[in-house]
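What follows are several structures.
Presented sequentially are two complexes of subunit A, the first with subunit B as partner and the second with subunit C.
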Partner chain A sequence: MFTIDFTGEYAAFFLFSAIMICGAVLMIMLEKVVHMVVSMAAVFLGLAGMFVLLEAEFVAFVQVLIYAGAISILMIFGIMMTKHQQAEQAPVKPLKETLAIIGSLSLFGLLFYAIRRTTFPEPLPFQPGEDNTMAIGMTLYTGYMIPFELLSVLLTVAFIGAIVMAKKEAD
Partner chain B sequence: MGAWLSEPLTWGNALVMFLWGVVFLGIVLGFVTYAIYFERKVIGWMQLRIGPNRVGPFGLFQTVADILKLLVKEDTIPRKADRFLFILAPALAYVPAFSVLVVLPYTQNLYFADLNVGLLYYVALSGISTLAIVIGGWASNNKYALLGGMRSAAQMISYEVPLVISVVGVILLSGSLNLRDIVEAQAGGWFWNWNFLPQIIGFVVFIIAAVSELNRTPFDLPEAESELVAGYHVEYSGFRFAFFMLSEYVYVYAIAALTTVLFLGGWHAPAPFLDFVPGILWFLLKFACIVFFLFWIRATFPRIRVDQLMGLGWKVLLPVSLLNVFLTAVYLELFIKN
Partner chain C sequence: MLPSYLTMAAILFCIGLYGALVKRNAVIVLLSIELMLNAVNLNLVAFSKYGVVPALTGQIFSLFTITVAAAEAAVGVAILIALFRSRGTVQVDEYDEMKR
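Coming up: the complex of A and B.
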């Protein structure tokens, strides 16, 4: 059932999984908001590592640039500008927590059982693209030209809208 | 180096790669030591002073003595600081600074990683240092440190945008994000084939944004000592402070090498009849010129005002760099494609 030949790729996979799972668990467990953001940045970095393992370097480094860099800093800014001195304590509810544990354990059991029982079709031999940045560009600007342009318009509208709203508040 | 990278990863190869990493770390530390020495000397001469001249012949061991002092100093952590983040921040600042160096090619055969998206890798990782600075400033639990960290983050984010957009022109011309391919695209014998002339707008924007990214004069507001005591690292001392300083100078190395690669033709000679000089010497010469240029700027410019800083970034550099992308695309469409 568990036949895994131990290569460098698996070692890296387990390392990144450990980083991501630890980061995700800490994100929920920690009490200070800034610590949460830092552990979430660890999850983003682990995810970027996973993309590198899948030979999607472009997506991996865009992940680092946007999520680990920009979004984390945005959140930290948001936290620092507002007041978060005391750690927030949630009241303990024993019944609710027991139910939550049972629910999540059974969900895990169900998913694990389903994944182990399914026979996946034999995958085609993996063909890494010669240059996946080029391939992404080609696809984006030929097949998905219209959705891409529409998305850019949407983002621009949102951007200008944010400025207008901030300006209204400042006046 | 190229052959080494494609071999299977055995313990022997891993050891060799690790040793290369250590050697390279030694080179970078040596560069930082003497960059600080030359910075103080050059600025001293430009301001009609002598500069460090006491420790060793011509003061050559001044930086070594300074580093030694930092290492043996007491390591203090303020009682009200956030202990975990306070310890994490200097390491988080240094790791990306050293990791970005891996994609920089020095000659045809001397490079550490041949990454398809080298430029993107550089930009993405250098963004993480900003995070470290903000965290360091916040964790110190000190008003000045927090102000310095905030300023630094705001500045680095605002100038990273024009920095990235200004190199899009270079990417368009060479058709690749791989730094080795970008250098190869500038081959052609004469120096006017290098990217800095065809991309003169991009080059100027890049230099200004790069100086600002490095937090150096005239953009050294995060550590404006007359207003902020010292900036985000007020509470840091000893070894941890040394790490912040170190990552700042490693970024000087990285930016100088990146400018050489992107705009000044990397290891190519400026004229065909100078080809007999080995490429690494050309690389080092251009690299040294840029490092000197950075010192020169620092010695001669006053500090920009904080309210002008954001205006310059968003209202001048960003539109100009966008215009550069547009002009380059039109040029390629009209003259090169047909």
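Coming up: the complex of A and C.
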């Protein structure tokens, strides 16, 4: 199970996972809120690199555009428009923090145990198609037409709702 | 290679869960939720390459997840700004009207 052959994919995987774990842990550890958002951007970029490794180039670029671009900027605006000076000074209740650590560590242990115990069958060769973006577009506009349209309606409704909620009341 | 990706996603998910439970700033709680969604995306894309029957469906699913996550982030930040306007704080443990 632990046989690791040092291929190029493994080296790149190791690099990206190091970036992502560093970013995520820094997000937990840092003091200032803006620094946390910037370290999350590192996680998003590392994840995009991992998608390229998995031959999902279109998803990787969507990841860079939506997460590393839009959502990070949105969060920074959210921080800017709210009060953020008193950054995390009073620590949370120690009981709650201990319970959260125990809970997330035991969840990780459970997942890790399950992943290591499972024997994954040898996959068939992956055919991403000549052009990943073209293949995704073909699939999206043939088999997933209805979900795609529903999703665009959902996105429109969500953004209109966000504007209405964040708008300053006139009175 | 699949177990490595799954373990990586599990690590990200657990860090996100811890952040969502412990952090007091509501923006960071939203970011932690995004981190958990990203871990799920990694699982979907990893299974779309290394699953028993590799197909593009996993990537399509992850695109749908990304879209819903973008909508969720926008609505979340909007609610946060509205809450901040009415309460004057973004610390999640001060939103305790329903406990009193």
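FYI, the second predicted complex is superposed on the first by the 142 of 171 C-alpha atoms of A that agree within 3 Å, B and C clash if a C-alpha of one lies under 4 Å from a C-alpha of the other, contacts with A are read in each partner's own complex, and residues count from 1 in each chain.
Note that in this section contacts are C-beta pairs under 8 Å (C-beta built on N, C-alpha and C of every residue); 3 or more make two chains touch, one makes a residue touch a chain.
Keep in mind it's a predicted model, so treat the numbers as computed, not measured.
K.L.:
With the two structures laid over each other on chain A, which partner does A:A162 touch: subunit B (first), subunit C (second), both, or neither?
P.N.:
So A:A162 only meets subunit C here.
K.L.:
Would you sort A:V62 into first (subunit B), second (subunit C), both or neither based on which partner it touches?
P.N.:
A:V62 contacts both subunit B and subunit C.
K.L.:
For A:I19, is the partner it touches subunit B (first), subunit C (second), both, or none of the two (neither)?
P.N.:
In the superposition, A:I19 contacts neither subunit B nor subunit C.
K.L.:
Does subunit B (first) or subunit C (second) touch A:T133, or do both, or does neither?
P.N.:
Only subunit B is touched by A:T133; subunit C is not.
K.L.:
Mind working out whether A:M27 is in touch with subunit B, subunit C, both or neither, as first, second, both or neither?
P.N.:
The answer is second: A:M27 touches subunit C but not subunit B.
K.L.:
After superposition on the shared chain, which partner residues are touched by A:A42: those of subunit B (first), subunit C (second), both, or neither?
P.N.:
neither
K.L.:
For subunit A, which side has the bigger count of touched residues, subunit B or subunit C?
P.N.:
Of subunit B and subunit C, the partner in contact with more residues of subunit A is C.
K.L.:
Tell me which partner A:M50 touches in the superposition: subunit B (first), subunit C (second), both or neither.
P.N.:
In the superposed model, A:M50 contacts subunit C only, not subunit B.
K.L.:
Once the complexes are superposed, what residues of subunit A are shared between the subunit B interface and the subunit C interface?
P.N.:
58, 62, 70, 77, 132
K.L.:
Which stretch or stretches of subunit B touch subunit A in the complex?
P.N.:
Interface residues on the subunit B side: 9, 82, 84-85, 88, 115-117, 120-121, 123-125, 127-128, 130-131, 134-135, 138, 146, 150, 153, 157, 177.
K.L.:
If we count contacts the way the header does, which residues on subunit C are in touch with subunit A in the complex?
P.N.:
So the residues of subunit C in touch with subunit A come to 1-8, 10-19, 21-28, 30-32, 34-35, 38, 41-42, 45-46, 48-54, 56-57, 59-60, 62-64, 66-75, 77-82, 84-85, 88-90, 93.
K.L.:
Using the touch definition up top, name the residues of subunit A that touch subunit C in the complex.
P.N.:
Per the stated touch rule, the residues are 1, 9-10, 13, 17, 20-21, 24-25, 27-28, 33, 36-37, 40, 43-44, 47, 50-51, 54-56, 58-59, 62-63, 66-67, 70-71, 74-75, 77-79, 81-84, 87-88, 92, 96-97, 100-101, 103-105, 107-108, 111-112, 115-116, 118, 120-121, 123-129, 132, 135-136, 139-140, 144, 147, 151, 154-155, 158-159, 161-163, 165-166, 168.
K.L.:
In their complex, what parts of subunit A are in touch with subunit B?
P.N.:
8, 32, 34-35, 38, 41, 57-58, 61-62, 64-65, 68-70, 72-73, 76-77, 80, 131-133
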